[in-house]
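Each of the next two complexes has subunit A plus one other chain: subunit B in the first, subunit C in the second.
Up next, the complex of A and B:
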């Protein structure tokens, strides 16, 4: 049994990634993608492409053996487009060739006749009656939050603030692009090696497209060079199905590996959002009413957009007690690239809006922003914005105190053009309203005394597999080096659900814990019955029993009762809580915002693996700073993607990041056995808002759209100076 | 991505052989040096890519010499070498400064100064420095050698005074004098490894506190790098003061014609250009008036 690859394998350059194991003589598959964002396909002529030397096949929709339809939540996307294209990522034909060069050449020879349709790119405009129809109905979902009566709330408010926020399309930009390598086996089955985040979801999709039963396909998860959501949705289905289809049609091994530009266009992105907020409060800072309309642009296809929208709407009022709430959220189809999973999952957008609003309000009230937040922050037993009682036990006071002290919040003299900003965050743990959350694990001790942990949760750098080792080792009382995590293959491991929603350690960890506990108890009984008292668990299996013992366990969280139609109910049982503070210096002349200092405190429940934990939180913060200042997939005047490359798509470099001080608070959740809270995503939620608030503190300009580019800062400064002169 | 499989690559062993090949295949070859720009362009090109003359092996084009107050740099010299060269640091610090900002360590090790010049990106970071140093380019062909001033070399956006059969072999310029100071500036959208939104170089010659000569070159704000002649005129003959440098900075607007693109709008570029000139001149003023 192969084990999961480790960080050590990665740093020494071991051949652990999918592309590393593709032999030179494997066939290559490449996709021809649409030239237009919205068009009817009138004709596809592949004859000239077939003439290119080295080309074995050119496949179109007609050649799909199973159902030519995919979709993580809604089956709305053809695997290979026919009749119509809805965005630039739509693949129309696949070339199977002896090498990449021949495939590239053949792609150029495919002729597609289009009838161009009017596209729609703005999620608000797409809802208008006269807007072009991307699908039958551009409105995909409408979810709500309801509590009390906002009209009354505003009537009782002394101060009301309003603002519109816009956020950009962020690309997950993992280092390794999507890749799959399919091998037809002699027994008629298909083995597909790939960079696969959620193997059992991919299995469902690939089996449907290829028309092969699930048991005829074995998906083997190779080392994953990052995902950040890009490999969570349908991109791995596509590469696996493309390679698999080529292998089936030719009977030969075939690989499909995306280039950087293809990867950045085809995988899921963060939903661009338009958010209109209105908040009312009393002069002493009590929140009376919150009213918001939120539009999320899911692009041409749903992907997991409906689940992202659920998370966004249920986080839309922040971790605050507001007496009266109305939020309506709309998930809208457009002809933009598809949005879906990306670290944070709908949460960073609404955090940017809510946490900016809190500062705008504090400014109007003449109140300290931290004081205003603490006055309204969640505590155990409060009634949240979805009119449900919070059972969890947050303590924002401790988090804020630590951050303010470390950052020197509004103490001492303020340097010119420097500012401090703060943002609170709460990130719902597990799937909540997105579905029943169940995980499973098998823990076994083999006859040689090695402990094996098997789940379908994959390792993409979060250290979750190290966490499983620690948990199993401590429950069984064995050294960590006696525990291995088995490589994920769909034919061999139990379905533990997907490796998303920051759930590995929470859900998988608890399943491993339960399985290991069961295993220990069973062996201890055997020890007692056989009279070998004093022997340890592993020693007994190895020396006395001499055969494998295995236990399986499931861990389930109760279903949450939030109802998106009524806008009421509990969306998540527990959350990860945090406070992020930043100090920035803004260059007035250049508009450049430099983050000088970041201090962030998180309540993570319980620490399982401190090194990986802080790495995840720091990584999330870094990607959050990039969301606030740098990263945006730019669309040109002709609606082509202008920067699908890492030269012009600005991921942060080391030079862009200051020291990040992460403070971890252990306040175990009362609701789960281990008491852990999730850590993979929460870091990304608050930095953008904290930076926007710090920029306001520095220059008194409020930037309401992300990213906060130098150009926006210069324009806002000019406007504010013009007003100052006018006044 | 375009297939490059049909491309033929000629790899000569000497400069003579390279010039021979260029002459034989007139107008059919693109020259491959470090390849950091060319390969990406070929992969994205709309038209058929040309065959390549790979000169990367020609070590005879890698040198930095200080020869009778003239600095000579072989066209294949990479930017890491230029940045670290004691000769450049001493006699043309403005170029050492510019060269260091061109890209990541990998790019600095691979990209050559000749490639940066011939690629002719208006945002190329070495060009403003070479403009203010009054650099001369040596172009060789099978039949002879020709020297062109760098400003004359660029005729428009990516239009060069380079005949088919000619190869850029050397860049040379006078060593900076004791009373000359130079500074380079670059505005990128992130702190590390950024492509310039605006860049530029300033070289001032100061005598008894007065500006005797001023050269200012700006990049990414016109189809080619441009000299800010009005700004220069404003400075020459003056003592540096806040008033003078502000006027000089604003005067650059007559020399530039930026466009909107992925890195910024024209209006933003204009503003950045003025602001950077002012900020850089301010620093130079402090150095001069110390």
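Up next, the complex of A and C:
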């Protein structure tokens, strides 16, 4: 079955998403979630719920057939909560009913007696001795970055600046909420269709919860209506396991489809952060020391928090050469909703801090912020903040020049209340210290001459699968319409790792390239041996061989040797580099920041598919602007999520966004066969800092917490005016 | 355990054809389209009128089908993404304005509505008219290009 659908199908609603295939008579599964952020569960009574017409089963922790424990990195989360709830997303019971209405009625009838405990929502407070204990120890990870001696660095500095930054919880908010549809098969196996970003990871989780061996479950990946991290971590495990459990218990097909509110509460979010920075430099702008303490709030459960923390700490000094560095980062449990994957993966937070610090420093030095950055920016061969030599070949000069030129950086007259701001970014490609980076692909030519590409890398709008088609077609010398990407099913495709860390084209693309090359070479040998010179590879397989030929290849990146205990070593082999410039206008009375222009230049190594590439960068930038100005998922004073809907949680509309100008530079990586750099996430890293810097340029107020809301702007203006009057 | 629900018959025109359906009166037009008529092009993103993925035309006007009860549709004309002017859909595809595809049907219908009311909308008008539709993938750049390509088009 074909997986690649074209844009022409999609505009008519043709791609088949999970909910599209659920028959009206399928059973529905819904979860009762916790009323409290932190409480002991004293009693759960489901008897009244079972009496509701249309209800087939009400399931609690004791009904879980496998292990009632789950977690992407650390097994710390009960699939169904018992004894204790740690956040508002914790599911306590599942109702299986003939339709949603019956399920909703039954959920209201479940009685849970709680003993409410004091919650903690701040990662710094959660580390205090007297803080409520979310788990046995609220400190989950402590990772470091070390180079030289910061005390000496500050002694040798002429100017030292210090600041504390805070960032918010951002929601991935894909347009399609999480969904799964489980069908019990006659042979005792289970087929689960779902909106699944990383099928082999989900298979591990679902198999553990359901107590079914991996080969008894086939996960089928349907069209995915966006993820941005929300479908990368454990939310798809939950919907697949919930639907699967209902199907196992009843012997009937069952669907679990989250509503918008449930989706926004239950999936992974961007880690809120508290970041304390101190930077020292000489009067001519050389960075002598960077010292930082970074606290990431992972919420009630780890999810992939430990991996996010690795990315954050290794990006915490920016793409700059600093002589002496000390960074300590702490990943902390709180009673917030769980944080894990979200586009950027720990990188947007530290970019906001570092790029704000660079402007604060430039202001103190009386230097142009671009000049200060370029003076210290990475070049090939420099020693980075983790005391490792950079093998990659960034060229920030070209990127900055393009952006300054297009934006009109500090040229001409400055309009009142308008400002320009800039931020640099570097985004480590693929997994780096987060794990062994191995991908794989099978490329085969079937007897009818069709080329099939199979990987476990999923398509959710990135265009990666179109990239695979292009790569395979060009290596084999066939038209693109002869190449088909197979649908991802765990029983059929090789495990190519996850579709995360912007790694599809880099990792999957290179594996497809190697497999296709191997296939071509093998068939060319056969052509030569059989004396059919002049035939193309596909024609030979179809007309002479008349049987399928298949090749498998793996692609690995060398293991990176960054050590989070010593804080030294290479974290990522190569990076994507960018410079983002914005022009804003601020309304002094209302405090509203309006972005008028955005210009962003990215070094993407090599372009595989320009349309999809710029779409990724434009989309990333838009989410970065939203991170800077609009989006924040909030828990209120009464311990409820205040805005789990798309009316109160402000995803930008077409009317909120300026036209984004993306400039693409091709500077191939010297370190991988195709030379590509990743593009899925880098767009989101720098806009928030560029906006904060532009607001400072406009009004001389420094906003250090995200999002930059009208309230914060007005308050900062009042404070700065009060100081001005006082002086 | 007994479970039954009350259903009623409804009659309306859908994409140029007369249809009769039996549905619970509390069903929304979106539920009828997707679950009973199996027209799954219209998407459900929030069920509360916030995202625009479920946009259809009701008597030529863009509405959220998730907020429209089937009883409100009785005797009226509904047009879904499956039947709007192909030119609009083609422009979205040609300009790469489609990524995950989930919001796209709603945008296509909203764009058809805009062009039925305004022959040659300005950039600001396009943005304003499409602000009821959320796209999380594109950043709107390519969507605006697609709509602009249709503006003033007499073909």
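Please note the rule applied: the second predicted complex is superposed on the first by the 721 of 727 C-alpha atoms of A that agree within 3 Å, B and C clash if a C-alpha of one lies under 4 Å from a C-alpha of the other, contacts with A are read in each partner's own complex, and residues count from 1 in each chain.
Everything that follows uses one rule, which is that a residue touches a chain if its C-beta (ideal position, glycine included) is under 8 Å from a C-beta of that chain, and two chains touch if they have at least 3 such contacts.
Everything numeric in this text was worked out from a predicted model, so none of it was measured.
Q: For A:705 in the superposed arrangement: first (subunit B), second (subunit C), both or neither?
A: In the superposition, A:705 touches no partner, neither subunit B nor subunit C.
Q: Just to be sure I read the superposition right, which of the two partners does A:13 touch: subunit B = first, subunit C = second, or both, or neither?
A: second
Q: Output check: A:176 vs subunit B and subunit C. Expected answer is one of first, second, both, neither. What do you get?
A: second
Q: Examine A:259 and indicate which partner it touches, taking first as subunit B and second as subunit C; both and neither are also allowed.
A: both
Q: Going by the contact rule set out at the top, does A:474 touch subunit B (first), subunit C (second), both, or neither?
A: Touch status of A:474: no partner.
Q: Which holds for A:446: it touches subunit B only (first), subunit C only (second), both, or neither?
A: A:446 contacts neither subunit B nor subunit C.
Q: Which partner does A:189 reach: the first (subunit B), the second (subunit C), both, or neither?
A: Neither subunit B nor subunit C is touched by A:189.
Q: According to the contact criterion defined above, which of subunit B and subunit C contacts more residues of subunit A?
A: Per-residue touch count on subunit A favours C.
Q: Quick check on the superposed pair: does A:714 touch subunit B, subunit C, both, or neither? Answer first, second, both or neither.
A: In the superposition, A:714 touches subunit B alone.
Q: Could you tell me if A:647 is touching subunit B, subunit C, both of them or neither one (first, second, both, neither)?
A: In the superposition, A:647 contacts both subunit B and subunit C.
Q: State which residues of subunit A lie in both footprints, the one left by subunit B and the one left by subunit C.
A: Touching subunit B in the first complex and subunit C in the second, residues 102, 259, 647, 653-656 of subunit A appear in both lists.
Q: Which positions of subunit B touch subunit A when the two form their complex?
A: 1-6, 187, 189-195, 262-265, 268, 271-272, 275-276, 278-279
Q: Please output the residues of subunit C touching subunit A within their complex, sorted ascending.
A: 1-3, 34-36, 40-48, 50-51, 53, 81-82, 89-90, 92-94, 96-105, 108, 126-128, 130-144
Q: Across the complex, what residues on subunit A touch subunit B?
A: 99-105, 108, 259, 261, 589-590, 594, 630, 634, 636, 642-643, 647-648, 650, 652-656, 709-711, 714-715
Q: Taking the touch rule as given, give the residues of subunit A at its contact with subunit C in the complex, in rising order.
A: By the definition above, subunit A touches subunit C via 5-8, 10-17, 19-20, 24, 53-56, 98, 102, 173-177, 223-226, 228, 259-260, 460-463, 611-612, 614-615, 618-623, 645-647, 651, 653-657, 659-660, 662.
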